[in-house]
Amino acid sequence: MNSNARSTPYLKNTWYVAAASHEVSDQPLGRKICNERMVFFRNENQIISALEDFCPHRGAPLSLGRVCKGKLVCGYHGLEMGCDGKTVAMPGQRVRGFPPIRSFPAVERYGFIWVWPGDAAQADATAIPHQAWYDHPEWAYGGGLYHIQCDYRLMIDNLMDLTHETYVHASSIGQKEIDETPCKTTVEGQQVVTSRHISNIEAPPFWRMALRGNGLADDVRVDRWQICRFTPPSHVMIEVGVAHAGHGGYEAPPEHKVSSIVVDFITPETDTSIHYFWGMARHFQAQNAELTDSIRAGQGKIFSEDLEILERQQQNLLDHPGRALLMLNIDAGGVQARKVIDGLLAAEKKQTDLTS
Amino acid sequence: MNSNARSTPYLKNTWYVAAASHEVSDQPLGRKICNERMVFFRNENQIISALEDFCPHRGAPLSLGRVCKGKLVCGYHGLEMGCDGKTVAMPGQRVRGFPPIRSFPAVERYGFIWVWPGDAAQADATAIPHQAWYDHPEWAYGGGLYHIQCDYRLMIDNLMDLTHETYVHASSIGQKEIDETPCKTTVEGQQVVTSRHISNIEAPPFWRMALRGNGLADDVRVDRWQICRFTPPSHVMIEVGVAHAGHGGYEAPPEHKVSSIVVDFITPETDTSIHYFWGMARHFQAQNAELTDSIRAGQGKIFSEDLEILERQQQNLLDHPGRALLMLNIDAGGVQARKVIDGLLAAEKKQTDLTS
Amino acid sequence: MNSNARSTPYLKNTWYVAAASHEVSDQPLGRKICNERMVFFRNENQIISALEDFCPHRGAPLSLGRVCKGKLVCGYHGLEMGCDGKTVAMPGQRVRGFPPIRSFPAVERYGFIWVWPGDAAQADATAIPHQAWYDHPEWAYGGGLYHIQCDYRLMIDNLMDLTHETYVHASSIGQKEIDETPCKTTVEGQQVVTSRHISNIEAPPFWRMALRGNGLADDVRVDRWQICRFTPPSHVMIEVGVAHAGHGGYEAPPEHKVSSIVVDFITPETDTSIHYFWGMARHFQAQNAELTDSIRAGQGKIFSEDLEILERQQQNLLDHPGRALLMLNIDAGGVQARKVIDGLLAAEKKQTDLTS
């Protein structure tokens, strides 16, 4: 049974975030990604490997083992697995004929471990999207990971239509004016952009906290912006911020605004579950670690409010598989993102059919 | 996929209790009934509506939303749903072409919300069975709700054969004489009645508590009665009581007895799970709220003793689907009730087949 | 639906341990064995019966009832079931025509209840393997029961390849020299024996504790042995011990060694779950009850370390049903045990096909 042969709703010849860098320490990490159980570990030089989480000896999960001198040692009978999926040694055994296990291209970059679940020959690390905020003195990053029982596309929909903030996040970032301000969606190649600019409003609580964090008055009118950028397979970067009203909004000089990028890497675990890596890259007061912590806590609380609605929406859709959903102007971002994904899925299927 | 097309073990063109009145407040209530996820809410005049729990926009459950000026506002993106399943408004949208969602006839009566899961055109609120004890100065009511993983007919069987009290409820209402006294079952149209009259016995603990509650001696011989009345689809009302012996038993004047109606509304959630609304309508000391509380607590404890046996009986029956069960004289109430149900199910199927 | 008709991965015409004797007291015990829900109870003479856990009246589990004068009384409506699966009595009923339920041959022996899930006509209590250590003044026994979600054969593999001790039990009984010392596997009829003798090593912590418990020095070199004996259907007895080095190892006189039998009775619950009865029969300081307790606690902790690896190995194998596992020399014990089982399964199937 080759799980690649099955038609899946997600791309496989692409890079996904598998873990935050700190999750893979001197212990291996087991995680299912695109329906494959994988194990991630570091060798002596901290280089990351990703393998099938399946010992070729008796099928035990290698993630229950430990790393010893750069090899992954199975925790059941001591088979030593190399970074390439080939057995290196086993006490008292000749291992040359041992069947290899699958190795997945994996790269550590921008504070994350990235993995390529598809055809390894096509993996190109230069295709990992550059994160300009990473390791930059003017930017600070904080984030977390949620496990959610929903199709990864429901999370893309969620992030490409921020009118939900008015309802799901009413007490923190939501406000009536989001709803009342039309958004604009454009497609540039594989990138889908939905943007909304709101003028001369009161800042909601989360942004008042941010204004104070940047030493700015929080009780004056502001301009607010939300620019959501989807890129395949399932990344959504959202430029967000507020500026004191009348200074140019999104274009305002730094001393009049607080601005950030909401970072969303959505990784399919199965057809109906995801690992959701969320965070915020902040372009003000970058050296203030305490502010990073309080923003992370605030964002974590806000983003947790989406979980129940996404999981129960998924249940409803599974109960009514044939029912068509509406595609309004506010849904255009998600709709266009799905079109991009569908096009790439068709191309991937065509290529896989040709080569198999 | 039309869930109506599937053959179900329960009637759909009938009234079921969906909730106790107090469960539907200013917040909507989500509940699955007859395999349909429904949402119940009140408009500004406290009138109840029941709709599919599915927002036509993106499939989110409407029960996670809130009621605002009589409309049900979706908690995801703010769609405003009317009482009839038609979208009333949505910020920034024209909603005329939005597909309606299903609306279920719903009525509030006798302290409960009643719902009709089948063909709305046939719903007739006058068919809701009258509860004479409701809002009557001589009667008091207390009850509760249990969720049980069993076919609703197993609960009907349970309530129509009270010999189980001797074994399941040995320490409260059970006593050997129930077992030893034959019952009599009659069918009058769609009503099945199983009755048992026991003379000159000691009252068991629950009834001694009730006698004391009514200011009567609890250490004298009593006559006891149990008259179980099944009516479709799945209501079982049980007249129960004890009178000081020699005063006429069931017919004894009020000053010599304690008498109540055990109220059982059994609502299928799925083919093998139920919402079980249990209670007791008491025809003595109606103004004593403290007595109502202690009877409710006692009944709740007693009725919870049935849960494990019903759920594990269900498991056994699922494991052995072809095995015939015995139908003894004590089972006659349940057997006759199932006959009534089967006849109505056949009629409902015939009618549905004709009209579809 | 006859569950016998289905091809199963375990033998049915054989004796399995169903329970430790103390588990069946004056209350009945319900337990699923070889996919059959069974109830075990004792009559007035403490004789054990095993029946289907299914009341012929309405399918309630008899294990929720109680034993009264040697009969098993159903906890739902009081049916009295005899030891042979025939109904003895029921209040107010003639029971002669009641259908019998299945009775399984059951015997209490060596501190355990043994059951024969297959054709009762073939059950022969003399085939229950003799446990020489039972009720013997020179031996002491302590043990326990674990429920594990894995095919019973994975546990046989585990016990027939003790190189896993080096990795799974590194801090107690594991040591590098197990890995480094080849084992030898022989088959004698239906018995498979894998043995390993290790000379002149340091004793690991568990065995140092045992040496001290027997009044022997724990800081001198020892010889260590492990002799694993599989017999069908799924028993693994392992002779283990250490002797002060140079006194003959396994053959050393009692005053120079500590020796025990690890007792493993593995009973299939379903195709992928087991009841695992583990214990240790100790051939030193038999009268020291405190030592029995501390060895039981130590063994329980050590054996619990296998649970996660076995359950996750099972998950991996279910995910990859077609993948061949390696069969190395260390796996020979398990491989040969499976050959014995496969031969007996084929014979059992042939016989069942002939007689059905």
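In this document, chain identifiers A, B and C correspond to the written order of the chains, with residue numbering beginning at 1 in each.
Note that a contact is a pair of C-beta atoms (placed from the backbone, for glycine too) under 8 Å apart; a residue touches a chain by one contact, two chains touch by 3 or more.
Values in this document were obtained by computation on a predicted structure and should not be read as measured data.
Undergrad: Could you tell me which chains make contact with chain A and chain B both?
TA: Both chain A and chain B are touched by C, going by the contact rule given at the top.
Undergrad: Would the interface of chain A with chain C count as same or different, where same needs over half of all numbers used to appear in both copies?
TA: Different residues, largely: of all residue numbers at this interface, under half are found in both copies.
Undergrad: Compute the distance, rounded to whole Å, between the mean C-alpha positions of chain A and chain C.
TA: Taking the mean C-alpha position of each chain, the two centres sit 47 Å apart.
Undergrad: Could you list which residues of chain B touch at least two other chains?
TA: none
Undergrad: How about chain C: which of its residues touch chain A in the complex?
TA: 157, 161, 163-164, 166-168, 179-180, 182, 308-309, 312-313, 315-317, 319-326, 328-331
Undergrad: For chain A, which residues are in contact with chain C within the complex?
TA: Going through chain A, the ones touching chain C are 1, 37, 53-54, 56-61, 64-65, 73-78, 90-93, 98-99.
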